[in-house]
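Next, two complexes with subunit A in common: one pairs it with subunit B, the other with subunit C.
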Partner chain A sequence: MMHIPSLKYKTKKQPIAELKEASVYRIPLQSYRSTLLPLVKIGDQILQYQVLAEDVEHQFAAKIHSPVSGKVIAIDEHYISLENDFQQQKITTEIIEFQQLDLERFVQVLKDFGIAGIGGAEFPTNIKYKVEGSEIKSLLINGIECEPYLTSDYAVMRHETEKLLKTIAVLNQIFQPEEIVIGIEKQHKELKKHFEKSFKNYPNLAIRIHLLTNEYPQGGELQFIKSVTHKEIPKGSIPANFGYLVSNVGTILAIYEALFNGIPTTERVITISGNAVNSIGNYRVKIGTPIRHILEELNIDAEDVDIVLGGPMMGKEVADLDSPIKKGSGGLLLFKKQQKSIENCIECGYCVDVCPQHLMPMQFVKGHQEDQNLLSQFNLDHCIECGACEYICPSNLPLMQSIVLGKVELQKMRYAK
Partner chain B sequence: MEWIRQRLDKFKEPFGKGKKLEKYAPAINALDTFLFTPNHTTKTGAHIRDGVDLKRTMITVVLALIPALIFGMWNGGYQYLHQLPEYADGVPFMDAFIEGAIKIVPMIVVSYAIGLGIEFAFAIFRGHEVNEGYLVTGLLIPMVMPIDIPLWMVGVSVVFSVIIGKEAFGGTGMNILNPALTARAFAFFAYPTYMSGNTVWVHNASEIDGVSGETILGKLASGTEVPYNTMDMFSGLIPGSISETSTICILAGALLLILTKVGSWRIIVSGFAGAAVMALIFNSLPSLGIEGNDLTNFPWYNHLVIGGLAFGVVFMATDPVSAAQTMKGKWIYGFLIGFFAIMIRIFNPAYPEGIMLAILLMNVFAPVIDHYVVQGNVKKRKKRLATVKEVKTA
Partner chain C sequence: MQNSRFSPFVSSKNSISKVMLDVIIALLSLCAFAFYTYRIWFLIVLGSALGGAILTEILFSGIFLKKWKGILDGSAIITVLLLVFTTSPLTPWYVAAFGGSCAVLFGKILWGGVGKNKFNPALVGREFMTVFFPLVMSSGDIWSTKRIRYVYEVEWFNFIPNAHWAEFLNELFFVPTGALGEYSAVCLLLGGIYLIFRRRISWHIPVFLLVSFLSFLWIFEDQNLNYSLGGILLGAIFMATDMPSSPSSPTGKSYYGLMIGLVAGLCIQFGAGFEYMSYSILILNGFSTKINQVFMPRTWGTKIDWPKKTEEVFLLTLSILTVTFAVLSLHYYGYIPYLIYVYIIYIIFKFNFSFSKKLHQPI
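Presenting the complex of A and B:
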């Protein structure tokens, strides 16, 4: 792991601001590793919070709901486009009796309300929480937002503390963990006092705050578990099988909305920042809001800049301004164009030093370009794609490109066998 | 700046894609990227980058070399002048510095001119860009040579090191051996009379009677008395290769390398530790009833500050390309360099400069060290993961 200048001071003090509704929403159909199947047709009138698409076949991606009421105007393989009629006609949802909630019912609620990991991967929370028999030792609340610039989780912890704790109390009642740990970074240690003030209202919770170093990628699930519990969990396994339940604070907030207000995941908090914008801050936006709408609302000039959806390390560059905000997008960042040239690898080993999974990333570039056997030999499968190696590389090697494409090659090799 | 840019763009025109001189584009691009930041960029992956890139890494190493180089120039002149009768009551700084610089600057010029010439030629034939790596190598080569070596020998060594040591393997980042040490090893074995003995280490020593020019290691090997104390050895007021003598200046460079994380502190620390351990073993021979010689009984702390050990460990062993890559591998690699350096020094007095051979030896073994470190880690990890409950994969 390594230290990166976090630059969170830019947006840390900002409250969570609201944004005006857009007239058109584009609901993303790609989520986690699956594509959702639309349940509506072009021309359908839809209500706010109605289910729009579901992964019928695999159940491997969370459902997605309509953020507004209106009409379906287009459907393609990536997006459902909605026209907002600004009527806010809501679908009626039943009120959940969370006092008598058992695990089975709770998992069903998570599924129905489309709760997914807000931290970035959009892993369906109902799969993660299906613990079936394994005892939960610790409930870990991940408040580590290790990506530079992003403060959306910080804003949630700062301004929605009560909602988080209410939800945690419900989770406590369902899973009966031995302890509950909220992990936060040392740079936000003022939050510790802030939380502890509220803990007094929940005397039954065995809850504590764990301060962790400001390293990247501290907030990755496996790194977070290791830092808090000193147990290393293999990549690709479900932490619940080892007795750990990990959820991002944003996900907890989404669960709150589902349990207490009957609202599915249709909005989230994002940070707008970067080295190429002035109007920055934390905003509550609806899933599916086109980036163009946000830029227009905030009067941001997007000429000649790189627009990144998500964090600066793992986020994806946006080519089309009509692409929407997704459940896992923690930020919308605008950067000046980078000017770096690719040199030869000098085998300095910086990437080996920083790799949180203790891999040798430089071998993946070689593996991708020359000898594909290296990919499996050096366990590319264990890579979490955090981008730390690419950040530090003095030769500016295309590490992430090799890793992403290398994983595709690995899959191909496996299918061929 | 704008004007230069325009000129350069105009000058570059015939080198463009499909134009007559396209073949030679790398040479022009090298000049361009040296003056301006390049405009071809990476597109995917992390959107922010650490400020350290290859160029800055190389320049940091050059800066770290400056104290040792300046001291080397001064010492080169001083070692000669202070033995002359007319400087019996002290040598003015500038006199000594200029005397040394007159010998050393042409060596640097020759090294850069020939080395960069070959690099440019290879870049054109191969169609790749010129890397900054030679800025370091080209400075290191004269710094590890004796002061009186003829310029053509420097040139031939440079040719050998760049072509055989580096480009034959595929250029920057691909070489197995440290190119600067390859040059020195070439000169050492090809022209032994210019690279060893008791007259080459002090400027003009052979021309003047009564000038003593033997290195400490030479004296130890031949059994003559060493007229220097530990402080002389540490500060570097002794004969030797141009920049290897002053341990204090080398340590200043080492500090810069470690603080900027350009040089691996693991290799530097373990290198000195390895040398200290080996020397201590030899020092303890008399207590076991074995009578050693002058070399084995030379105190271990003096072993650390004489000869090229410090220079080699700090500037040569930390060359990332030829060193081990894994963290544990770096510890082993550095330790063995120090260990073997003292061993070669003592067991074979014909090669008093053990550090050169020790580093070249370990360069060859670095990939093997890495391999076993990686295998060890894989095994350990598998074992650790096997102890936790059975794994259900998603």
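Presenting the complex of A and C:
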């Protein structure tokens, strides 16, 4: 693991600003490892917070709801396009009696309100929280936003503290963990005092703040669990089976909106930052807001820059300005274009030093290139694709490309057998 | 939609040239001491080796393989410096030029360029010099450098009242005997500390190498064992840590350092003469890939199969020792040249049928 310098110190001082509504929203249909099936047709009038699409077959992606009221104008395999009528006609939702909430009902609420892991992967929270049978020792709240440049989780912790604690109290009542830990990076240690002031109002919570190093990828679920509990759990296993329940602060905020306001996940906080933009800060945006709209509202010139949705380490390049903000997008980053020339690997071993999963990433480049046996021999399956190896590589080797494509090759090889 | 790039979208400001520059910086003080002691003699050896190396780079990397970019990355300079640091100031200029040229050609270019070499190029160059100029390289004359010395000793610490301490410190800073890079133990150590501090090498290889070598000497307490502290430090800090030819994981590096120390001890014990450091490092270079496999770091969340691992390490150690004694036997019967001839044929064939087709691949 290593520290990556960025502009966090600038954006963390910014409040959560609001953005004007867009006239068209594009609701993403791809989430986690599944594609949602549209429940509406072109021309349908829809209400705000109405369910638009659901993973009917697998139930392996969270439902998605309409952020505004208006009309469906287009549906393709990736998006449902909505025209905003600016009437804000809401669907009526029932009030949730969270005092009498049991696990089964709670999981149903999470499912109905489309709650998904907001840290990036969009794993459906209802599946994660379905922990019948396993006893929860620790409820771990992940406030480690290890991705450089992003401060959306910071902004949530700073400005929505009460909402987070109210939700945590409900979770405490449902799961009854032995302890609750909020993990925060040392660079944000001022949040510790900030939280502890509010802890006084919740005398029944066994809650504490745990400060962790400013290293990447400290916030990865496995790394976070180990740093707090010293328990190393293998990739692919379910933390709840070990007694740990981990949720991002942004996800907790989404649960708050569902429980206390009856609002499904239709907006989130994102950080706008990067070395090619001046109006940096944290913004509350609706899921489905086209990136073009954000850039226009903030007068950002996107000519000749690299636009990244999510963090700079694990985010995706934006090729189409009409593509939208998703539930897992923590940031919209603009970087000056830079030329990287690939040189020979000198086997410096820096990638081995920084790999959080203790792999030897350079072997995957060799494996992808010529000898596929290396991919399984050096445990490519255990890679969490954090990108630390490529960040540190002095030769700019295409490590992530080899890893992503290598995993596909590995699947194919297994399928062939 | 166009093909999108792969993450990450930020990168550290590392580059090969920066790595090389740090190694050169670490070697500068040694250059200063070599110049301080032998002035023009040092410059002649360095100049001709550098000339040979650069000419070879231009001819083969540039004109022949059309890869001009790599010539200035600094790797050739490091190779030449390290090569020169293992030779005598009395090395004839043509031998030095030949060494520099062979180090670059047979140590690096024919492997497919920087980073792809399996053996330390400087030591490869040195072996070529020994094999092709046996009379010059193994004569005792080449090491009788007293007559060309400009400085015989330093008296920097004579202000210390205790004469033993003063002498010890003086010699720690400067001893004018041996090869060109061995004169200042302190500067060698400082260079190593600089590289560790800059994370260009890790401490594992030098520390484990020194520990195992010195324990070997301690166990086989033999007064006739002839070694130089400077030579050992140069090997441990700068030669054995050559990135491409050494393993990448911390445990792999530790084992690698331990084994070099042991093999170097055996080489001294069984009469490899001045070649003990070159032999031990080159032998372990050959096992680097295997060490990477056996000493792969424990993957997160998995357990190590200890019986299997122990067996692998045992067999690996056995094969290293077998090769060591094979090399020592060849050395005893004077057959090392044939090993080099085989190497030449191997690397030319390998280049022709395999490496030349992968020049564009980064690994």
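The rule is simple: the second predicted complex is superposed on the first by the 416 of 417 C-alpha atoms of A that agree within 3 Å, B and C clash if a C-alpha of one lies under 4 Å from a C-alpha of the other, contacts with A are read in each partner's own complex, and residues count from 1 in each chain.
Here is the rule we use: contacts are C-beta pairs under 8 Å (C-beta built on N, C-alpha and C of every residue); 3 or more make two chains touch, one makes a residue touch a chain.
Quantities reported herein were computed from a predicted structural model and do not represent experimental measurements.
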Original post:
In the superposed model on subunit A, is it clash or fit for subunit B and subunit C?
Top reply: clash
**OP:** May I ask you to decide whether A:Ala258 touches subunit B, subunit C, both, or neither, giving the answer as first, second, both or neither?
**Re:** neither
Original post:
A:Glu232 contacts which: subunit B (first), subunit C (second), both, neither?
Top reply: both
**OP:** Please indicate which partner A:Ile136 is in contact with in the superposed arrangement: first for subunit B, second for subunit C, both, or neither.
**Re:** neither
**OP:** Using the touch definition from the top, say if A:Ala319 reaches subunit B (first), subunit C (second), both or neither.
**Re:** second
Original post:
For A:Leu309, is the partner it touches subunit B (first), subunit C (second), both, or none of the two (neither)?
Top reply: neither
Subject >> Partner chain in contact with A:Val109 - subunit B first, subunit C second, else both or neither >> reply: neither
**OP:** Once the structures are superposed on A, label A:Val404 by its partner contacts, choosing first (subunit B), second (subunit C), both or neither.
**Re:** both
Original post:
Which partner does A:Phe242 reach: the first (subunit B), the second (subunit C), both, or neither?
Top reply: first
**OP:** Give one of first, second, both or neither to describe whether A:Leu222 is in contact with subunit B, with subunit C, with both, or with none.
**Re:** second
Original post:
For subunit A, which residues lie in the overlap of the subunit B contacts and the subunit C contacts?
Top reply: 4, 148, 232-234, 237, 306, 308, 312-315, 317, 333, 335, 340, 342-350, 352-353, 358, 360, 362, 378-379, 387, 390-396, 398, 400-401, 404
Original post:
So in the complex, which bits of subunit C are touching subunit A?
Top reply: 1-12, 14-16, 18-19, 70, 73, 112-116, 199-200, 202, 243-244, 246, 248-249, 292-293, 296-302, 358, 361-363
Subject >> Residue ranges of subunit A in contact with subunit C within the complex >> reply: 4, 6, 148, 222, 232-235, 237, 306, 308, 312-320, 333, 335, 340, 342-350, 352-353, 356-360, 362-363, 365-366, 369-370, 377-379, 382, 385, 387, 390-398, 400-401, 404
**OP:** Enumerate the contact residues on subunit A facing subunit B in the complex.
**Re:** 4, 127, 148, 231-234, 236-238, 241-242, 306, 308, 312-315, 317, 333, 335, 337-350, 352-353, 358, 360, 362, 378-379, 387, 390-396, 398-401, 404
Original post:
Inside the complex, what are the residues of subunit B that reach subunit A?
Top reply: 33, 37-50, 52-54, 56-57, 129, 131, 133, 171-174, 261, 264, 320-321, 323-327, 330, 374, 377-378, 381, 384-385, 388-389, 391-394
